[in-house]
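Per-chain numbering from 1; labels A, B, C, D, E and F assigned in written order.
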């Protein structure tokens, strides 16, 4: 069921073909899942309706029927689809436990939460702020992931395990960032100005890290698990501790892609 | 929609009037949310039934129908309503992202979880402990917030983002406290005696802080993000680190109201 | 209702008899819960169908009907039942707030999540990996507990409060372990080899601890709340801090049973 | 469970007290029904909310949530309540199988369909015709009873068994009428004018009778089962056959109250 | 799929084996129905649980969960099962459109309504009259079939198409009877005594027939479609008309088995 | 809202435009129905998906999710759509109570039942008989309309009120036929051959008529309400009675279009 994935992100049609193939194989070998696989993947003829149906089913509640949510994803269109495909590729590439496309697509709540954030951000930008806020809070209840819809998020972002992630209103997330469970990008006061972190490309935020205030986490930096970061982190640095201090520097790999949560223990 | 809020908590009728006005405006501008807004706010003629319907809808499950939960909130009556209004005012005042009453009322899971805790605590006090425990655990599943129903909680408390908050059986929470996601008020052993923290008025517990044992967090203190507190914290102190040590003292502001999670980094 | 519990784990029939007795008493004293108690406990004549119905009801969703999930638990059979009884006994023995069998059985999401993991692990071992992964991710959405189905878990394990627990693919959990909310047993990179912690018998992992990499947490060790562990921990040691260092040694008690999250503050 | 009922219709409070008493007795003797009885009767403190909840629950569907339907019944207010009490009294008095108030209130679909018609007729009269038509057709799907909302219906009407009853747009139903299953009050063409029967007080329309065209069924008349009536029926007459002819005359009893479907066979 | 069926009723195990075989074949050829077939037939290992699950699913509503209804059918036990098997055999034998066991078992609402009547009658006999009445009225809403639970019904009874069938409190139905849609066995007044028809073995009641009063329909008689019967019908007679008169006599076949609704038109 | 409709059937796009216009007007004037109207009409951009969503929502049940039913209607494609538009036009033209397109489209259960029959017949013809039979029986439960999927039905057919209609396996329905509630087209025995009526173009079958056996109802004939027809009916004849005899002849109008259920009473 799947193999390691290292190449560039697939096109949407290529991803879709691969997803269908995996789903057909899984449906053949696991009768208990057949219904789920048919309705989530096999009955659809194109990826956007499949993403829309899947994501809508996650958030629907009696007062917000699945059809309306489905519409919101479809309206986000091919722009959304391109982001979702890149996120899925990032997920598969960086999660050693992901050996195919199917499980990340169907189940990973970090991927689902990020996808809904992308829809909510688009609504926020177009002035539909009540609806964007609804989606933010509904995702917080369902996935335990709370991202303010004002936050711009780059491409190829991976939120792993995801429970407890909180990202505040004036934060910015670059490309190719990886974020683990329990990470907070928080504020430093009640003023309404710019008060949350800016996370540059390729950064890895390990499990439970708290990054607070209008500070910059430089390109390719790594924030150790359980760290509390209160000041700018230089590009390529590894920081750790409470409060966090520089304990190392990146070598060849981009931390967000390597997903190595360890830090130099000699420090 | 909405503006900064700085005055004293509104009366219940004033809050209700403002909520209805915001809901009507939102329903007019966002058709997708019209159904939700009408059923949650606009169809009600008084605030208690609206709170009851909203909160009941969050926790209902097939074996615990919405009508029973609605009754429990209504029975909590005006005493409950006064607390809920003060909590909502605290939420709006301290969350810079909250620019009106509507979003906190409808969506904030910290507010919903705290409201259910207030109902559960009332049941616990009156001897209906099985039911109180049911509500505790149901809220833990739905909101990711686990507060033992024996815990007395003061007025004007704000639980921000909320995922992962755990508060043990013999803890006490004062007035005007602010608690962020991932905070634990935990115990130090299996004895059944008094074994959890006492949090005094105006305290801020920043994201991911672990406060353990029968210790006192003094009035107006601040516990830094990711800190682990194992001993009493003096009034007005700022503590941080693992284990936490005093790193500063409060100046003019009450930490819980300022919501500034940062700590002096010179230490 | 209920008393302290100190003896050895009960047999399944003895547990079942006690559960029914407690449920009958609760149904008599709390009419609001009668329906829930009858359907979850009193209508069943044996423990396995009751566990199956309870657990199936937690995870069911429109695309995965309750009947299929019920079948999966029943198929896990008496082997599963023995583990579940021991987990429930561990839960009751170590949680001072648990004064009977009923609340842990009905509500504790740590117990429910662990039970589903035991079913998923059995499926994983028998090659039904798609279904095992489905259960993992569904439990992550519902309980906020994310345990890879490949992980072997010993008997008598207690996951307290549970929100935010993450346990990676190549981790191993021994017997009589206690794990609190927000604990991560995480990896150190994207290679697919052995990359997660091995936790020996009797270990206590306190709230928010991050344990990372293919390291060993020795028998009877305690990891302090909020600690970040990056290297082997000797048997009987207490470690704390970011990164964690040895701050004490066990005395008479097994940490996982004592559930004392405190650490020596003199260090 | 109940006794014969012969007196005048009770007041709404008296009916309500009797209903509650019966429901309490049934809940005590039949545990399986306890949940239903508590939610439909015992949790309510006044009859109008109980009627509203009961009727709303019958018609609700995903696109028309129970809250809206509940509102519609409540808005119909005490005027509606007086009709409903009289219909219930008529039902109990004329149905020998009804030995109390509880079963007719909770289950009789003829009573439920007529109650919804009364709500729909009120909406129709006030110009809310789309909504009135929705209720007509929803009741037709749920109860198999199709009454055009324009039809005025007198007090004390009993629709027994109810499946297949159809009553057209320009029909008029008097007081104290009884209608059995399969009865049609139909039209005679596609013109939009007055084209349906006028049924006077005290008439009995037996099972399967078809009454067609703008004709008058006189006060106290009886229409035999399976008859097809195409012309005016004089007061007090008994008609039968296809087409129907006069086969007898009333004696002392009002046919609608006697509920005797038989006809003189000597004719 | 399936063939004509003429032999004696199968044993329950033989019926079960045949049902499973048909269901497996249908699931293989019709993927859309796979889920339904697996949950209704293939997942069960014995016929009683399968009947219970199927019938419970038909009547369940929010206030009467499926588990309770399932229990009621299971408690009816092998006595119920024997009746249900004979009814199913009667259905298949007499309905030319039924070419196997699967469709009648899964869908025929006459069979489902009669099965629930058998459960309700058993409850009525044992004094649980509130519950029996609930089931009667719930079946009337769901299937359009209204049979008073006091009515004893013989074995091998077939209710074809079923919409609109009404059978009153003091009626009696013999063995091998066939009843078509729209048939009423009604009363002749409001007295509580014996007031409904007694239908002997082998009778055919054709579509829309109204049989009224405490009269006897003799063994092997046929009542023509749309007839209104007000007096005893001799054994073997064919009656028709409004009111019904004898128009012929049975020859070799039992009318209920031949299912020939036609009547001699020479009369 | 709406006016008399007399012209030829509209094209699908024209009908769709008119439907949308009526729905928009109704949503503006009746807030309670807004959600329903948006989801059933206004959110769709073409008629086939709207019909599919509407019809799927009517029949869906837990074991047959709405997505699968939606697929079945969509697969029936433009062929189905042409029939549905013609049926809707027939409904509006012949029902004086229908003053627009919206109510018939949204609510008329005769229209919904006939539409599902058209889908089921298509499946039957292509050999998917298990699924076709499922749809037949599901429609019988939901709408009280039982049409065997083998029956070919012409265009422009109107089933008014619909409860209790039964049409057997070898019946044939021509074009422009109108059928009222309680009509049976039944068989005359258990042989599997051709045993049901053939109804020619333009026939009106009035309420409760029973037409039995392999007989022909000639072009433009009218069958009176409550009649029982056992022999061929000549073209243009009006028949009535039990058994039915010729009581008149058509004049200028086609009976099915005039919808006049009356019969000459001079006879």
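Quick note on the criterion: contacts are C-beta pairs under 8 Å (C-beta built on N, C-alpha and C of every residue); 3 or more make two chains touch, one makes a residue touch a chain.
The chain lineup, named per UniProt: A, B, C, D, E, F = Serine acetyltransferase.
As the structure is a computational prediction, the values presented were derived from the model and not from experiment.
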Shortest path length from chain B to chain E (each step joins two touching chains): 1
Chain pair, C-D or D-E, that carries the greater number of C-beta contacts: D-E
Chain E on chain F, rotation in degrees - Cα superposition, rounded to nearest 5: 120
Option reproducing the contacts of A-F, where over half of them reappear, out of B-E, B-C or B-D: B-D
Chain A and chain E: spacing of chain centres that average the CA atoms, whole Å: 57
Distance from chain E to chain C - Cα centre to Cα centre, in angstrom: 51
Between chain A and chain B, centroid-to-centroid distance (C-alpha), Å: 27
Sequence positions of chain E contacting 2 or more other chains: 35, 39, 62-63, 65, 68, 71, 144, 163-164, 182, 208, 226-227, 242
Pairwise touch network: line, ring, star, complete, or other: complete
In the complex, chain C residues that touch chain F: 62-63, 65
Chain B residues touching chain D - in the complex, by the definition given at the top: 35, 39, 43, 53, 65, 67-68, 71
Footprint of chain D on chain F - complex, ascending: 1, 4, 26, 29-30, 32-33, 35-36, 39-40, 57-58, 93-97, 102-103, 106-109, 142-144, 161-164, 180-182, 206-208, 224-227, 240-242, 257-263, 265
Chain B - residues contacting chain F, complex: 31, 34-35, 38
Chain B residues touching chain C - in the complex, by the definition given at the top: 62-64, 68, 71-72, 128-131, 133-134, 136-138, 140-141, 144, 146, 148, 163-164, 166, 168-169, 182, 184, 186-192, 195, 208, 210, 212-213, 226-228, 230-231, 242-243
